[in-house]
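Letters A, B and C name the chains as they come in the text, with residue numbers starting at 1 for each one.
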Amino acid sequence: MKESTPLPFWVPFSYTVLVLLAVLYIAPIIFMLVGSLKPDDRILVEAGSIKAFWPDSTSLQNYSDVFRRVDFGRYMFNSLFIATMIVAWGLVLNSLAGYAFARLRWRGRDVIFAMVVVMMIIPLEAIAVPLFYQVTLLGWRDTYIVQIVPFIANSFSIYLFYTFFLGLPKELEEAAHVDGAGVLRTFLVVIAPNAKPAFATVAVLTFLTQWGSFLWPLMVTTAEAVRPLPLGLAAFHTLPPLQWGDIFAFGVMMVAPILVLFVVFQGWFVRGVASTGIKG
Amino acid sequence: MASVAFQQVSKIYPDGTRAVADLNLKIDDGQLMVLVGPSGCGKSTALRLLAGLEDITEGEILVDGRVINETRPQERNIAMVFQNYALYPHMTIRGNLEFPLKMMKLSKHQMDARVREAASLLGLTELMDRRPRELSGGQRQRVAMGRAIVRNPVVFLMDEPLSNLDAKLRIQIRSDIAALQKRMGTTTIYVTHDQLEAMTLGDRVAVLRKGKLQQVASPQELYDNPSNTFVATFIGNPGMNIFESTLRHRADGKLCMDFGQESLPMDASVLKQHKQVKSCVDKPLLVGFRPEAFSLQEGSTECSHIQVTVTSVEPLGHETLVYCDIPAKASNADRKTTIKLVARLTGHKAIKPGDSLKLKVAMRQVYLFDENGKQRGTPLSP
Amino acid sequence: MQTFCKRTSNLKAYGPIGMCAPALGGLLLFVVLPFFLAILLSFTNLRIGSPLGVEFFGFEQFKRIFVDQAFLRALCNNVLFALIVVPLQTLLALLLALLLNQSLKGAILFRTLFFMPVVFPLSLVSVIWVLIFAPGPNGMMNAFLQFITFNMWSPRDFLHDPRLALPAITLTSLWQGVGFQMVIMLAGLQAIPEELYEAAIVDGAHRWQTFWYITFPQLRNTLIFVVLVTTILAFRLFDQVQIMTRGGPNKASTTVMYETVQAAFSRQQVARGSAMTVVFFLIVLLLTLLQRRVARQEREVA
């Protein structure tokens, strides 16, 4: 029990600070939410007052405006499709690789794994330009493929799976081998079902990263038909006439799915992010 | 050096659990008192109450006559050795030993002197610049002790300090601890779940169960004169065998003890020893026999004997433990095991599971307990 | 017997390699290849759509970008940004983690709240804060500052003010990122064994001392990791700049990545962009090596 945890700070002080910060923190979110329900002309005017957080009247006009002005459904579909594809294929490829590194013995394994680990340092931005050039040569511009395929294999995901598989008891596989299962079957039938936390963590982290992907789609797409939500928002944000109510409505709808996912799977999100720190 | 007293101390958690219930215990200055009992009996909690790591719900704890309920743990001048040692992993051994002294704001000179003394006392001098993770279990244990010693506290608390060590090491360090305590003369309270450890270490032993003190006495006293069936079965390896029974007079006037369908006669000598036997006749009783009270029946005699079926055998070389099924109703204070009877036979015996045995019962070694488990009669020394 | 063994050993070889092949293939094609391509291209003068052919350029690209005012300003901005964001965000996150570690009632609620902005895409965050930073007394930030300074503050146009553009972006990033660090540090705090605190208390340590001698050292590796990740993220700064300021006014808020994208994408100067990319990667590498060195000492076991 934490009854005896030494408190560096007093309890009322803690609550005061927390509540204060919480209010400051949630303000922009409430602002967006409320703004999405207000008529456009009132938003700018009332932004400086308490009315920014408490509307006089609410309506869903802005939401219907969004659909009228842009193909929101298309953006949403694109984001969902791209992110889901990356996550799904990523889970398959990266888990297999992680398992191969963790549990199988083969020539060159350690060397190759070391290189995979080193690759974790390379952020997207460091390879965006040449990759851009590469995909241009391949003719992949303005497609879904260009937004999906390069991100399926991910060294960080491989590493997460690797660490997890290392921690599984050897007895599981030994029992499967004795029962006659080959490597792949062992993986499918014995290992994978016991690796739910790893799959959940990787799925959540990957989805989170990919949902907000902005730089890359910006670089490689110009056709609205394949662009994901962040680009749609950025464009919408500069599309005349500048109606903030609509923009906020766009924002609310854009963040709603992942927010819902977050609230429901809160534990996995937090655990996933926290586990990146354990690695360090 | 100080005496410690628990006066009607209780620890009740918010959900109602009584970890410690109305504990009254006095430990004299310089004594080594062992708190022993099964898991969850409250022994560690009692220790932590004394250390100040938990708040006392009811009652008072006194150190050297002063009530310390409201004193902060930092001020109590009590040292504690934790079960998992709790060594500071990021400090060297020297750093670990110096830490409490730093908190006491001693001068560097004083700190060095004390640390050196403790290190040599515990054989840690070569390890001073290492980190805890580089040390073996036994070495870490000694560092934990060292950290407690350097402070020259008024009381030592030890929370199962040996439970993480292997058997041989445990025996070695156990005697080291006993010797150290005698030498330093500091009042020590030692918590363990291992009754063997309790018996070998303590000047006095307090047996706890579910937060309540069962009995506090010297080890021998606990063995010879257990105050209830729990203590009787807990102390001793294996513990006492307890059965439901009744004493009644046979038609011919002889006093007998029921044993299932059988009736074991109790001869006159037994009656002479047990002053309270008369008051126990014709009442539901619990009777106890230590495993040593049984021996193999050879031939037929008039002595009391019982027929048993062997379920398993443990040959230990110098003795054989025989676990049997019996036609009587066994009573086990904790009802955790299904073992009916354990007999300790000297030497090696060629017995197999499934064998049918006749065991001679030394009736004069019977212990009597009332139906609630309270002791009513013990065998006097032969 | 012989053939049986041979067969299984063949299978043994195919299995693992087969399992990694897709992932490794992907990494090879989309990480390793562009990485080396970047280095290669930075030594050329490739420009897509340029009538001139591609030729070897030596270190010329690098020389050029290091005399480019915009790029230098970008580097400067990234460093400045990192120097401000990293300590601020880390301290704030540490504070929150410490407060939340006390098993207060409602801790989970607070944790969810502070973590929520992390879930928001940076692009959305940027858009919201664009409005918060709206100029004039009606802008939320202006109104807020006026309120707490008792009207001493006069409204500014944050995003178009060369001195306030970068700070505005800093605040936006802070808001979005603190939750991320907080969660990691909270996990680090909760990994500290209770017993260490108890031992310290019994040894006579008071509150501040337990923090200094127990909490802080145990948290060291987590802190270092968090600082590193945040610093690297600071150098990757792009989304906010693209949406909120476009690097302006007058490059006051431009960053390395922004300049890189401008070069490679808007101006099709692939080689130049690659050179910037290489510089960027070297910085990240340096930081990572630094972290490894500093963190090496304390791999502790209780």
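By definition in this document, a residue touches a chain if its C-beta (ideal position, glycine included) is under 8 Å from a C-beta of that chain, and two chains touch if they have at least 3 such contacts.
From a predicted model like this one, the values you see are computed outputs, not experimental measurements.
Asker: Measuring centre to centre with C-alpha atoms, which chain is farthest from subunit C?
Answerer: When every chain centre is compared against subunit C, the largest gap points to B.
Asker: What are the two chains with the most C-beta pairs touching?
Answerer: The chain pair sharing the largest number of C-beta contacts is A-C.
Asker: Taking the mean of the C-alpha atoms as each chain's centre, how many Å separate subunit A from subunit B?
Answerer: That pair's centroid distance is 57 Å.
Asker: Need the CA-centroid distance for the pair subunit A / subunit C, whole Å please.
Answerer: Here subunit A and subunit C have centroids separated by 15 Å.
Asker: Of all the residues in subunit B, which ones touch at least 2 other chains?
Answerer: Only 53 qualify.
Asker: Would you pick out the residues of subunit C that each touch at least 2 other chains?
Answerer: 198, 200-201
Asker: Which subunit A residues reach two or more other chains?
Answerer: Where subunit A meets two or more other chains at a single residue, that happens at 4.
Asker: Which of the residues in subunit C come into contact with subunit A in the complex?
Answerer: Residue positions touching the partner: 11-13, 15-17, 19-20, 22-27, 29-35, 37-38, 41, 46, 48, 95-96, 98-104, 110-125, 127-132, 134, 137-140, 142-144, 175, 180, 183-188, 191, 194, 197-198, 200-201, 207-208, 210-211, 215, 221-222, 224-226, 228-229, 232, 236, 238-239, 242-243, 257, 260-261, 264-265, 270, 273-274, 276-277, 280-281, 284-285, 288, 295.
Asker: Quick one: which bits of subunit B touch subunit C in the complex? Just the residue numbers, please.
Answerer: 51-53, 73-75, 78-80, 82, 84, 86-90, 99-100, 103-104, 131-133, 147, 151
Asker: Quick check on the complex: what are the subunit C residues that touch subunit B?
Answerer: Residue list for subunit C touching subunit B: 193, 195-196, 198-206, 209, 213-214, 217-218, 220, 298, 300-302.
Asker: Would you pull the subunit A residues touching subunit C in the complex into a rising list?
Answerer: 2, 4-9, 11, 14-15, 17-18, 21-22, 25-26, 28-29, 31-32, 35, 43-49, 52, 93-94, 96-97, 99-101, 104-106, 109, 112, 116, 119, 121-123, 125-134, 136, 149-153, 155, 158, 182-184, 187, 208, 211-212, 214-215, 218-219, 229-231, 233-234, 237, 244, 247-248, 251, 254-255, 258-259, 262-263, 266, 269-270, 273-280
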